[in-house]
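The following pair of complexes shares a single chain, subunit A, combined with subunit B in the former and subunit C in the latter.
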Partner chain A sequence: MQHPTFIENRLAINRTGLWLFIFSDAFLFAALLASRYYLLGVLRPQEVNQPLGLALSIILLLSSLTAYRGETAAIYGDIRRFRRNILFTVGMGSLFLVGVGVEWAEAFHSFPPSTAYGTMFFTLTGFHGFHVLTGVLALLVVLLPGQKKRLAAGNYWGVEAMVKYWHFVDVAWVFIYPTLYLVS
Partner chain B sequence: MTILFSLGIVRGIIWGLASGGVAAGIVMAIRSGLGLPMWSPGPVTGVAALVGTLGFLTGLGAFNYWLEWALGRQKEEHHADQPRWRRYFGFDTNHKTIAIQYMVTSFLVIVVAGIYQLIDRLEVSAPGMQYISPGTYNSLMSLHGIMMLGAVLLGVSGMINYLVPLMIGARDMAFPHLNALSYWVTPPAVLLLLVSLPAGGFDTGWTAYPPLSARAPLGMQFMLLAFYLVGWSSILGSINFLTTIFKMRAPGMGLFRMPIFVWTALSTAILQLIFTQFIAMAFLMVLLERLLGLVFFAPDKGGNVILFQHLFWFYSHPAVYIFVLPGLGVISEVLPVFARKPLFGYAAVALSSLGIAGGGAVVWGHHMFAAGIEDVLRVPFMITTLLVAVPTGVKIFSWLATLWMGKIRLDTPLLFALTAIVVFLVGGITGVPNGIVPTDLHIHDTYWVVAHFHHTLFGGFVFPTMAAVYFWFPKLTGRFLNERVGKLHWAVMTVGFFITYLPMFWLGLNGMRRRIADYDPTLGLGPMNMVATIGGFLIALAMLLFFINLVVSLWRGAPAPANPWRSQTLEWQLSSPPPDENFSAPPRVVGPPYGYGTPGSIHAVVAPAGGTANKGA
Partner chain C sequence: MPKPDLRAKLRLGLIVFVGLMAVEVIEYIVGTTISGALPYLVILTVPGAGLILYYYMHIEQIRHTGGE
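Take a look at the complex of A and B:
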C-alpha cells in the first residue's frame, strides 16, 4: 500500500509561532502599562519633553511604513528596493534609539529613576528601547548577503517575520507614547 | 577525553564559566572606571550569571541553527551514529529526548527540594530550636517552595513534550530547535537555585514579596534570575506546544478527537503563554529595585508593595492550574484504559480544562484578602474563586462515572490515579474556606493553607505523575516497572501523604503559622508536628522506592510489548520505545480516543514501518 507522506505547511507553522510569540510579548508591555496606571494614575510631570516625544513617535511610525514597503518589494522580487527600504527602517530605528538616549540624559535631571514617575518612565522606555534594538538587529539579519539566495528563491519568510516584529514594536509604542506623554 | 569534549554539556560548561568570568571582569572594570568600589556582589554576580547562561547555551550549540540560518547556510540535519546515552548530554532536538531530559532534571530538583524540607520538618517537629538557625530554616523553606515549583514546571513540560506529538500523530514538535533551547535554559537556572543557599539564601518564602525581597541577601537575586530563566523556558515551550497542537495534528484528528491530555496541555500552554510574562516582570522589577535603585515597591518614594502582589498572583494563581491541568489530563487518560470504558462526558471534560484555565485567570485577588487589597475587589474575587469549582467538579464527576460499572484492573497506574482523585478532591474542598473572605481572614498564613496547597499539588501533579510514569514507562523504555515494588511505593506514599498533611489542617486551625521555625510550646502543637514529620519521611521513603524501581527496571525490567495496557490512543500503536521519527506515515484518525468496550471501535489507523496498515487495538 502506498504511504502518504507528512505534508507540513512550514510557512503556516512559522506564522502561528510568531503570532503566539508576539501575543505573549504584548503582555510584557501590558504588565508595565498596568503598573504605571496602578502606581501613578494619570499623574504626569510637566518636565516631559513633548517635542522630542512627538518626534520619536513620528520617526517610529514612518519606519513601519518603510518596513512595509520593504516587505512588499521583497515579495515582488525587487531586491534593490527591498534593501533600500529596510536600510531606511534600520536608520530610523537607530535614530529613535539616539532620541531615547537624549531623553534619558534629560530625564535623569528632571525625574530621576529614584522617583515613582522616573521609575516607570525608565522602565517603559527601557524595555521598549530594548525591543527596538532587537528589531534593528533582526532587520540587519535579513540584509545579510547570505539571505539573498533565499529571497531570490521566493522564500521571504525571514523578511516577513522581522517586519511583523517591527510592526509589533511600533504598535507597542502607540500605547506607551500616550501613557508617558499625553495622559494627565 | 575527546569523547568528553564532544559532549555538548561539557563544552557548554566550559563556555559558560569562561564567559561568566569575563563578564564579571568587565563589570568590575567598568565599576572602577566609574569610581565605584570594584566589587559589589549584586551587579557582578548578576551579570556573570546571565552572560554565563548565554555562554553555556552558545558552547552547547543551542544557537548554531539560527546562526546558520542568518548566514544563509542551511545545515543538513545529521543523525550521526552516536551511542544512545550521549544524546541526553547534548543539544538534541528530538522531542522524546528532550522530554526525558526534562523529567530527569525535574526528579533531581525534587530530590534536593525534598531534602531541604525534610531538614525543616525535623526542626519544627518539636518546639524550640533544635538543629538549624531560624535564618537557615527560612532559606530552606523558601528554596523548597521555589525549587519544587520549578520542578513541577519541568515535569509538566516533560510530560507534554513526550506525549503530545505522539498523541496527535506528529513526527516532532513544531519547532524542534526552540524546544531544545527551552530545555537547555533550565540547567543554568537549577544551578543558580543551588548557588542561592551558599550565597546567603533568602527569607521571603517562594513568593518573594517586597519590601523584604528588595533587601534580602544575595541568594534572593540568584533565585529571581533563576526563575526568570525558567519563565523563558515556559514561554518558549508554550509557543511550541500551542503551534504543535494547532498545526501538526494528523489527518482526521479533529479537536474533539484529541485525547484529554492534549486538551489539558493546550489549556496549560495558553496560561503559560500569557501569564508567565507577569511574574517575569514582577521579579525583574524587584531585581531593578535591588540593582539600580528604582522604586516600584518603595512606599516612601511613591512605590506600592501591593503592585507586586497583583503582578505576582496574576501569574502565580493561574500557575497552579499550569501545574495541575496536565496531571488531571493523565487521570483522564488512565481511568478509561483500566476501567475498560469510554471516558464519561468527553466533550464536557475537554472543555472543562479551558474552563478551569479561563476561570483561574480571574481569581488572583483571593491571595490578597488579608494583604490590604481594595475592599471593593474582595467579593468579586470570592465569587470567581468559588466558580472554579464548577469545571473542576465536571472532571471529578466524569471520573467517577467512568469508573462506575467498569471492568476495573487495579494496576499501579490506576492506584495512583485513584489516590490522586481523592487527594485532589480534599484539596479542592479545603480550598473553599480559603476562597471565602471571612474564613480566609482567620486561616490565612496558617498551616491550613500549606495543607490545602499540598493536597492540590499532590493530587494534581505528584500522584498523577506517578501514575503517568508507571503507565508510560513501558512506552518510553520498552520495559515494565516492577509491579510489586510499584504497589509498595503506592501504599507507602499514600499513607505517608495523609500522615503528613491531614495533621496540618488541625495545626492550622489551632494557630500554627506557616513559615516559622519555632512556636510556643504551650499551644500544644508539638505532637501533631511530630506526626507530620514522620509522614514526611514516609514520603521520602516512598520516593526512594520509586527511584530504585526506576533504575533497576530500566536495567532489568520485564520487556514490554508495544501496547501492554490495550490502549487505543496513538502512542501505543507504535513500538516501545517509539522510533526516532515516531510515525513512518501520517496516521489516519477515524474515531474517538476512548472507545473501550465498544465492539469495533477504532481511534486511528497507523502504518507500521515498511508494512501495511494495521488497525488500532
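Take a look at the complex of A and C:
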C-alpha cells in the first residue's frame, strides 16, 4: 500500500521529473544551436526559404494554442473540446512535418548535407522534426479511449505531460527558426 | 456553453497566441530587412519563449514542490 503523503506529492514528483527531462533535452538543442554559431558564425545561404520558415513557425504556434486549449478543456472536464483541440494539434504537427519535408527537398539541391551549413540545417531540423514526430505520437496516445476514464476521474497528468512536451518542442523552434532562417 | 473560468482561460490562451504571432512577424521583418540583425533577433526570442514557458507550460509550477 502506498503512503498517503507519496500519493499527495505524486503530481509534484511527476512534474519535477518532466521538467528535469525537458531541461536536459534543452541542453542538447542549446549545444546544436551553439555549434551553428561556432562553425559558421552568422553565415547563411541566400537560398534558405524564409517564407516557408515563417509558415512553419505559424503552424507550430497555432498547434501550441490548440494544445493549450485541449489541456485546459481536459482540466475543466470538457472532453469534446479536449479531443477536438488535441486532434487539431496532431494535424498541425503533421502539417509541420510535411513542411519540413518540402524544405528538405529544396535544401538537398541548394545546400546539401555535405556543406557546412547543410550539416547544421539538416541536423537541427532533423533533431527537432524527430521531437515533433514523437510529440504527435504522444498526443495520439492521450486520445486513446482509456484516457477518457482517467480524465473523468480527474487524472489529467497524461494530458498535461504530453502537452508540456509539445510546448517545449515549440520553444525549441522559437530559437531554431531565427538561427537557421533569419540570422545573416 | 463553457464555464466562465474556462472561457477566461481560453481567452488568455488566444491573447498569448496573438502576442506570439506579433513577435514572430516582427522577427521575420527584422531578419529579412536589417543586416546584422543578430542582437535584435536574440532580444526578440526572449519574449517569445517566455510567453510559452510562463502561460502555456506554467513554469512557475517548479516552485510548488508540494503539488496542488
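Things worth noting here:
Heads up, the rule we're going with is that the second predicted complex is superposed on the first by the 176 of 184 C-alpha atoms of A that agree within 3 Å, B and C clash if a C-alpha of one lies under 4 Å from a C-alpha of the other, contacts with A are read in each partner's own complex, and residues count from 1 in each chain.
Quick note on the criterion: a contact is a pair of C-beta atoms (placed from the backbone, for glycine too) under 8 Å apart; a residue touches a chain by one contact, two chains touch by 3 or more.
All values reported here derive from a predicted model rather than from experimental measurement.
In the superposed model, A:Leu54 makes contact with subunit C only, not with subunit B. When both complexes are overlaid on chain A, the residue A:Arg80 reaches neither subunit B nor subunit C. Of the two partner chains, subunit B is the only one touched by A:Thr123; subunit C is not.
In the superposition on chain A, A:Val42 makes contact with subunit C only, while subunit B stays out of contact range. Within the superposed three-chain model, A:Ala12 lies in touch with subunit B and with subunit C [touch as defined at top]. Look at A:Pro113: by the touch rule set out above, it reaches subunit B but stays clear of subunit C.
Contacts of A:Leu28 after superposition on the shared chain: subunit B is touched, whereas subunit C is not. The residues of subunit A shared by its contacts with subunit B and with subunit C are 8-9, 12, 16.
On subunit A, the positions that touch subunit B within their shared complex are 1, 3-9, 12-13, 16-17, 20-21, 23-25, 27-28, 30-32, 35, 38-40, 113-119, 122-123, 141, 144-150, 158. For subunit C in complex with subunit A, the touching residues are 2-3, 5-6, 9-10, 13-14, 16-17, 20-21, 24-25, 27-28, 30-32, 35-38, 41, 44-45, 48-49, 52-53, 55-57, 61-62, 64-68. Interface residues of subunit B, counted against subunit A in their complex, comprise 69-73, 171, 174-175, 178, 235, 238-240, 242-243, 246-248, 273-278, 280-282, 285, 288, 292-296, 301-304, 307, 310-311, 314, 583-586, 607, 612-613. The touching residues of subunit A, counted against subunit C in their complex, run 8-12, 15-16, 19, 42, 50, 54, 57-58, 61-62, 64-65, 67-69, 72-73, 76, 78, 81, 164, 167-168, 170-171, 174-175, 177-178, 181-184.
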